[in-house]
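Quick one: structure below, then a few questions.
Every chain is named by a letter (A, B and C) in the order it is written, and numbering of its residues begins at 1.
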C-alpha cells in the first residue's frame, strides 16, 4: 500500500518532470524560456478531460491525443513566432515575451472553451477532479502506477531517439554548435521544430498528469508554471535529463514536505506549500547564480547529457 | 570556381568588410592572410551565409549564393571548417563523422568515413571517444576530416594552425597541401601564421582592416619584403 | 558610415510625431465615450489608466532605463497594497481604542471597525489629507524595502534567471497574503479606511483627480530623473555594464537604487489602488494583472520611453474597457456559443504583445537614442578647446 501523499506526489512529480524537461529542451535548443508552457499544460488537461467526459473510459487512453495537441501548439508557436525571432537573433527577453503573448492568447481560448463546455454541454469544466475517473490498481490509485511508468516510457523513448537515431544525433549536434551543424548540412529549422514538437507535447502530457493529482482549472498551468521553471532551474538548464530530474525532485519534495510539515505543525502549512519549490529554486540560485550548469556540467556530460556550448544565452 | 565581388559585409550594423573582391581558382589553394581583426573570418562567414551581407555578390560555380542559408551552402559542396568549435565535443568521433556526412546516404557515409580514417589514421584509435577528449592536433585532423566527409568541391579553412604547437601546425598545413594534390579539392585558406600558408599556397590576398591590400601569386607576397614586414611578421632573411 | 546614426531632424513637424497623433486620438476617443456613455465610464478609464501609468512607469524605469528583467512587478505593488491594508487602519484603531491586533483583519471585526475609522476621517479634511499622504509614504517605504530585497539576487543573476525568480516570489507574496489572515484578511478582503469620505458627494471625481495628479507627479519625476546624470548612468549600466564598471560606476549601487525607486513608485500605485477600491484583496494581486499587463503596456508604448508608456497604458486601458462595455453588441456571435467576450481582453493583450514583438519592437514611441553629452555641448566644448568645427554633432 502506498501512502496517499506518495501516490499523488508521484503523479504530480511525473507531470512536473515532463514539463520541466520540455522547458529545458526548448531553452537549450532555442534559447527560449517558454511561458506558453502554462497554457500548453492546461490544454493537455482539457483534451483528456473532454475525451473522458464525452466518450467515457479511463483518462489514460486520451494521453496520446494530449501529447499530439501540445505538439501542435508547439509547432504553431515555432512557425508563427519563435522561428522569425530566432532568425532575427532576438535577445532572451524578447523571446520570453513572445511566448508570454502566445500564452495569453491560448489562455483566452481555454477560458472560452470552458464557457462553451459549460453552456453547450452542461459540464462543469472550471473545477474538475480528474481522479474520479481513475481506476484502482493493486489497492492504490491507478494513476500513481500508470503515470510514473508512462513518464518513464516516454523519457526512455526520447532518450533512444536522441542517442540512437540520425536525427537525434543531429539535434544534439545543433544544440552544441548550430554553426557547425549548419555547415554540415543539418537544417536547424527542423531541429528547432522538432524540439517544439517534443517540448509542447511534453508540456501537455505533463499538464494532463498533474490534473490527476490536483484540481483541474483553467489556470492549472498558470499557477504551476513557477514550479516548472523551478524544476528546470534545479536541473541546470543545460541538460534535458537534468530538467526531467529537477522537475521530479521539486514535485516530490513539495508533496513530501507538505505532508511531513503538516503532520508536525498542523494543516495551516498546506496554504504555504508553494514555498517548498521556491525555496529549492532560491537556494539553487543563491549557491549557483548561473543555475547548476557550472556545477553539474562535467558530471552530466559524462552521462552523455545534452550540453550547450559556445555562444552564451 | 568562387568569386566574391565588391562585398560589403559585417555583423548586424557593424561593417567589417569594405568592397572586397576575390577570385578562388579551381584546384588551387588560395590563401588570405592579414593581421588580427582584418575580417578574414568574416569573409568566410559571408560566403557561408553566417554574416550580414550589405551589398556585393558571392558567385559559386556560376550561381549567386549571396545571403544563402548555411546548410544550403553546405549542400552545394562548400565545406567550411571554422576556427573555433569545428568539432562537436559531446559527440564521439564516429558520430562527428556521421554528422559531417549528414546529407549523404548511409552507404556513402561508410565509404567516406573509411576514406577519412585512412587519410588520418590517428582517428582510427578514437572512433568511440568523445571529440572533446582529443588533443588539439587530433581535433584539427578530425575537423578537416569532417570537412572532407561532405564531398566538398570547395573547402573554406579558417586558421587551422592557431593554438597548435609549431610542429603540429606544420603537419596540419602539410595535410592541406595533400588535399589539393591527392584529392584535387579547391581550397580557400585563411591564416594568421602567414609564412607556412603562403609556402603551400598558389594565389594570395592580403586583407587589412576589411580592405584588400595585395593580390597576386603567393610566392610573390612572401618575397615582398615591405608587405611581409608590415603585416605578416615575417622578418627579412 | 551606415544608416545607424542618421541625424534626427530638429524641425520635424509635430503632426508627424507618433506621440502627438496618438495623444490627440486618445483625447478624441475619450470625448466620444463621454458623449455616448457618460462621464462615469471615462472616469473609470482614467483611474485605471492613472494607477497603471504609475506602475508601468516604475517598470519602465527598471526595464527600459536600467535593463533589469523585472518579471515580479506585482511584488512591489503588493508591498504597497498590503501595507496600506494592514498598517494605517490599525494605527487609527489603536488611537481610537478599537481592536488593532490580529483581530483587526478578522472579517467579523473589520467590517465594523473600518467604517468607524472612515467616519473619523470624514470629520476632518486635514486628517484625511494627512492619512492619505501617510499611506503613500508608508507604501513608498515598504516598496523601497522590497526593492532593496529584490536587488540582492538582481546583482548576481543573469537576466532570464532573475526574471523567473522575481516572478516566482511575486506569486509567493500573493499566497502569503491569501493564507495569512492577520495580515490583510486572507481569503476575505480587509477594508481600508477611506480618506475620501470627506468629499463624499463627489468622491469618485476627487479620487480620479488625485490619481491623475499622483501619476503626473510620478511622470514628471521620472522624466527629470532619467534625463539627469543619474539617468545617463542608468543607461550606461543598461547598455554595457562592463563599460560602466570600467568608468568607475558602482553597478551594484546603481541597480539597487533603480530597483528601490521603481519599487517605491509601484508600491504607491498599489496603495492608490486599494484606497480607491476601499479594500485589499490578496488574491486580486496576480502576476497577470500587475506584472504582465504593465509589460504589455510598456512594450506597446516603447520600452525606455516614458511618454510612450503613458500612451500605451491609455490606449490599452481604453481598448480593454471598450471590449467589456460593448461585449454584447460587438461579440454577440460568441455569446450564442455561451462564450463570455470578456476573455477577448486576454486575446487582445496576447496579440498586442505578439504583434509588438514581431513588427514594432521599439513600440509606438521609440525611445530616443541620446548621446552621453548633448551635441551642442560637445561643439561648444570643442570650440573652447580650439578644435574648431571639425567635431560634428
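By our rule, a residue touches a chain if its C-beta (ideal position, glycine included) is under 8 Å from a C-beta of that chain, and two chains touch if they have at least 3 such contacts.
Nothing here was measured: the structure is a model prediction, and the numbers come from that model.
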Middle chain, criterion being Cα centroid separation: A
Top chain pair, ranked by how many C-beta pairs fall in contact: A-C
Farthest chain relative to chain A (centres taken as mean CA coordinates): B
Distance between the centres, which are taken as Cα means, of chain C and chain B, whole angstrom: 54
Distance between chain centroids, defined by C-alpha means - chain A, chain C (Å): 32
Chain centre separation (chain A, chain B; CA means) in Å: 42
Junction residues of chain A - those touching two or more other chains: none
Residue numbers of chain C (touch at least two other chains): none
Residue list for chain B, restricted to those that touch at least two other chains: none
In the complex with chain A, residue positions of chain B that touch it: 12, 48, 50, 69-71, 73-75, 79-82, 84-91, 95, 98-103, 132, 146, 150
Footprint of chain C on chain A - complex, ascending: 33, 81, 84-85, 90, 92-94, 96-98, 100-109, 111-112, 115-116, 118-120, 222-223, 226, 229-230, 233, 268, 271-272, 274-275, 278, 281-282, 285-286, 289-291, 313
Chain A residues touching chain B - in the complex, by the definition given at the top: 89, 166, 169-170, 172-173, 176-177, 179-188, 301, 304, 306-307, 309-310
Residue numbers on chain C that touch chain A, as the complex places them: 69, 153, 156-161, 163-165, 167-169, 171-172, 175-176, 178-180, 288, 292, 295-296, 299, 334, 337-340, 343-347, 349-354, 357-358, 361
